[in-house]
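Next up: the structures, one after another.
In the two complexes that follow, chain A is the common piece, with chain B as its partner first and chain C second.
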Partner chain A sequence: MSGLRYVYAVCRPFRSALQTQLTGVAAQPPRQLTHHGLIAVYSAVPEADFAEEPLRAHLEDLDWLSETARAHQGVIDALTAVTTPLPLRLATVFRDDSALRTMMEAREEYFRRTLDRLAGRVEWGVKVYVDPRPAAAEAPAGKPASGRDYLRQRRMQTRGQERTWQAAAEFAENLHATLSSFAEDSRLHHPQNSALADGPGQNVLNAAYLVPRGDSEEFVELVDRAKDDTPGMRVELTGPWAAYSFTGEEGEEGEEGEAGTGGEER
Partner chain B sequence: MTTASRLPEPYGQGSGANLADILERVLDKGVVIAGDIRINLLDIELLTIKLRLIVASVDKAKEMGIDWWEEDPALSSRARRRELTRENAELRRRLEELEPAGERKER
Partner chain C sequence: MTVVERREVALVDLLDRLLAGGVVITGDITLRIADVDLVRIDLNALISSVNENVPSPFQELL
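And now, the complex of A and B:
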């Protein structure tokens, strides 16, 4: 079989079959390559799109990037349903099977160690958004009568917003403390730009939690409870994801990633 | 080899998944392995998406005084480095403004 090897993930052998209709990047089905009892899940992709030059050009194209990212995540998602995959970063491409084997051999220890650590766990994403608008609404509406009125209104608005942000930060911190004490591990990610979010508000917490599958229901309930008693805040739960945020432990190629710390947040 | 029997229904994923969430994970998390096709994702111009995801909101959050998550060492190394670079440039610029050309003191 010709074509480059686009690798999605490394995992241990799994019994359940992947959906037959499943397609990955470049509309190619995911295949498996076994090496020393580990499996690389990959698609054979055309050189015309995935050699260095075309790939670089494609990555500049938001539509292509989105489609590829969704396809990549689709395969990881399907794997997460049947096993614990170690997801590789987007666009990890090898020349052929033999190059892929060489990589697996070189990293065998790391793969085994990490797969052992993550086995049976999934990642849940929790984000908190705050909508600053209610605070602004506290200020009297209508045109200010004078410059002094204007300044006073501005001051009240600012103060109201400060209170809102402070409350949001506190809420996020408490929620994170609760969730991270339930989860096995957690990572704080940078808040997302609100322009990219679906709903209104500013993202003040963007965290990932590593939770055993069996405890997931309880974790989701914990998040749901926080959702209910918080006017002004929006709590968003995503998952279950493959443990994307918890694969790091070695600084690879000078990539600092989120790796290295013991996972203690406080 | 566990099956997913006890896993709750997915939240916020599927076709309607927030693209930012997906990009954040597939571009920024996961295992980094240099393949044969050498693409440094950080070189990709479009990764300003990522920068838009991250930098813009960090600055904005800081403006609002929300920075408690910066205490997290896992989080802040990158931010710190970027901040230092920015600060450096800013300081250099100010220094140049303060010291008219030719009058720069030796230190």
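And now, the complex of A and C:
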């Protein structure tokens, strides 16, 4: 079979079949390559789009990136229904089967160790947003009567915002402490740029938690119970995800801030 | 405070995981994603796609 090999994940052999109509990136069905008892799930993709130069260009095209990311996630989701996949980073492409086998062999120990660590676990995403605008909205509408009025209004707004930020930081810290003591592991992602979020407010916590699948309900309840009457605060839960944020070993997380125990090692 | 559970995964959450998470392979692959300017991808591409008139909550009242 010709074409480059776009690899989604590595996993252990699984019994159930994937849905037959499942398509991955480039509208290609996912296939399996077995090597030393591990399986790489990949699609054969055209060189015209996935060789280095076209791929680099495509990655900066939002529509292409979005479509590819969703197709990648679709395959990971399908795998998550039947096994615990170890997801690869977006756009990991090999020349051919032989290059793919070479990689699997070189990383065999790591794959086995990590698949053992992640077996039966899922990732939950929790984000906290603060919306500092209500404080500003309390200011009387219309033009201030004088320069002094204007300055006083500004001062009050600034103080209100400082209080909101402080409350948000404390709230996020407490929530993270509670959730990471329940979860097996946690990671702090960079807060999302507010221009990218589709809800209002500024992202102050963007965390991922590794939770045994069977404890998920309890984890979700914990997030729910963390409800607080702190005004202007919003908590968003996403998941369950494949354990994207927990594939690295200790010391490999690079720029991602690290929390919890670092994920090593039984 | 509200807890929101989304059905449709937001692209920004997806990219948090697909571009920052997942196993990074080096070696015989066509392109290491780390070679691409990720900041350019996940910020510029996305920001240019959202309405430029979204106000910053911290805009000074000048």
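In this section, the second predicted complex is superposed on the first by the 242 of 266 C-alpha atoms of A that agree within 3 Å, B and C clash if a C-alpha of one lies under 4 Å from a C-alpha of the other, contacts with A are read in each partner's own complex, and residues count from 1 in each chain.
Definition applied: contacts are C-beta pairs under 8 Å (C-beta built on N, C-alpha and C of every residue); 3 or more make two chains touch, one makes a residue touch a chain.
All values reported here derive from a predicted model rather than from experimental measurement.
Asker: Based on the shared chain A superposition, would you classify chain B and chain C as clashing or fitting together?
Answerer: clash
Asker: According to the stated criteria, A:R154 is in contact with first (chain B), second (chain C), both, or neither; which is it?
Answerer: A:R154 sits against chain C, while chain B stays out of touch.
Asker: Identify the partner contact of A:L188: answer first if only chain B is touched, second if only chain C is, both if each is, neither if none is.
Answerer: first
Asker: Classify the contacts of A:A44 with the two partner chains as first (chain B alone), second (chain C alone), both, or neither.
Answerer: In the superposition, A:A44 contacts neither chain B nor chain C.
Asker: With both complexes overlaid on chain A, does A:M103 touch chain B (first), chain C (second), both or neither?
Answerer: In the superposed model, A:M103 contacts both chain B and chain C.
Asker: With both complexes overlaid on chain A, does A:P240 touch chain B (first), chain C (second), both or neither?
Answerer: First partner only.
Asker: Please indicate which partner A:D131 is in contact with in the superposed arrangement: first for chain B, second for chain C, both, or neither.
Answerer: It touches chain C, and chain B stays clear.
Asker: Scan A:V204 for contacts with chain B and chain C and give back first, second, both or neither.
Answerer: Once the two structures are laid over each other on A, A:V204 reaches chain B alone.
Asker: Between chain B and chain C, point out the one touching more chain A residues.
Answerer: Looking at chain B versus chain C, the one contacting more residues of chain A is B.
Asker: Could you look at A:L18 and tell me whether it touches chain B, chain C, both or neither (first, second, both, neither)?
Answerer: neither
Asker: For A:L88 in the superposed arrangement: first (chain B), second (chain C), both or neither?
Answerer: Both partners, chain B and chain C.
Asker: Can you list the residues of chain A that meet both chain B and chain C?
Answerer: In the superposed arrangement, which is not itself an observed complex, chain A uses residues 4, 7, 10, 50-52, 55-56, 59-62, 65-66, 69-70, 72-73, 86-95, 99, 103, 107, 114, 125, 189-190, 192-198, 202, 236-238, 241, 244-245, 247-248, 256 for both chain B and chain C.
Asker: Spell out the part of chain A that touches chain B in their complex, as residue ranges.
Answerer: For chain A paired with chain B, touching residues are 4, 7, 10, 12-16, 50-52, 55-56, 59-62, 65-66, 69-70, 72-73, 76-77, 80-84, 86-95, 99, 103, 107, 114, 119-120, 122, 125, 161-162, 165-166, 168-169, 172-173, 187-198, 202-205, 213-214, 216-217, 220, 236-241, 244-245, 247-248, 252-253, 255-261, 265.
Asker: What residues of chain A sit close enough to touch chain C in their complex?
Answerer: Residue list for chain A touching chain C: 4, 7, 10, 50-52, 55-56, 59-62, 65-66, 69-70, 72-73, 86-95, 99, 102-103, 106-107, 114, 123, 125, 131-133, 136, 154, 189-190, 192-199, 201-202, 206, 208, 223-224, 227-230, 233-238, 241, 244-248, 256.
Asker: If you look only at chain B, which of its residues touch chain A in the complex?
Answerer: Touch list, chain B to chain A: 1-4, 6-8, 10-13, 17-27, 29-39, 41, 43-46, 49, 52-54, 56-58, 60-61, 64-66, 68-69, 72-75, 77-79.
Asker: Which positions of chain C touch chain A when the two form their complex?
Answerer: Touch residues, chain C against chain A: 1-6, 9-25, 27-31, 33, 35-36, 40-41, 43-50, 54, 56-58, 61.
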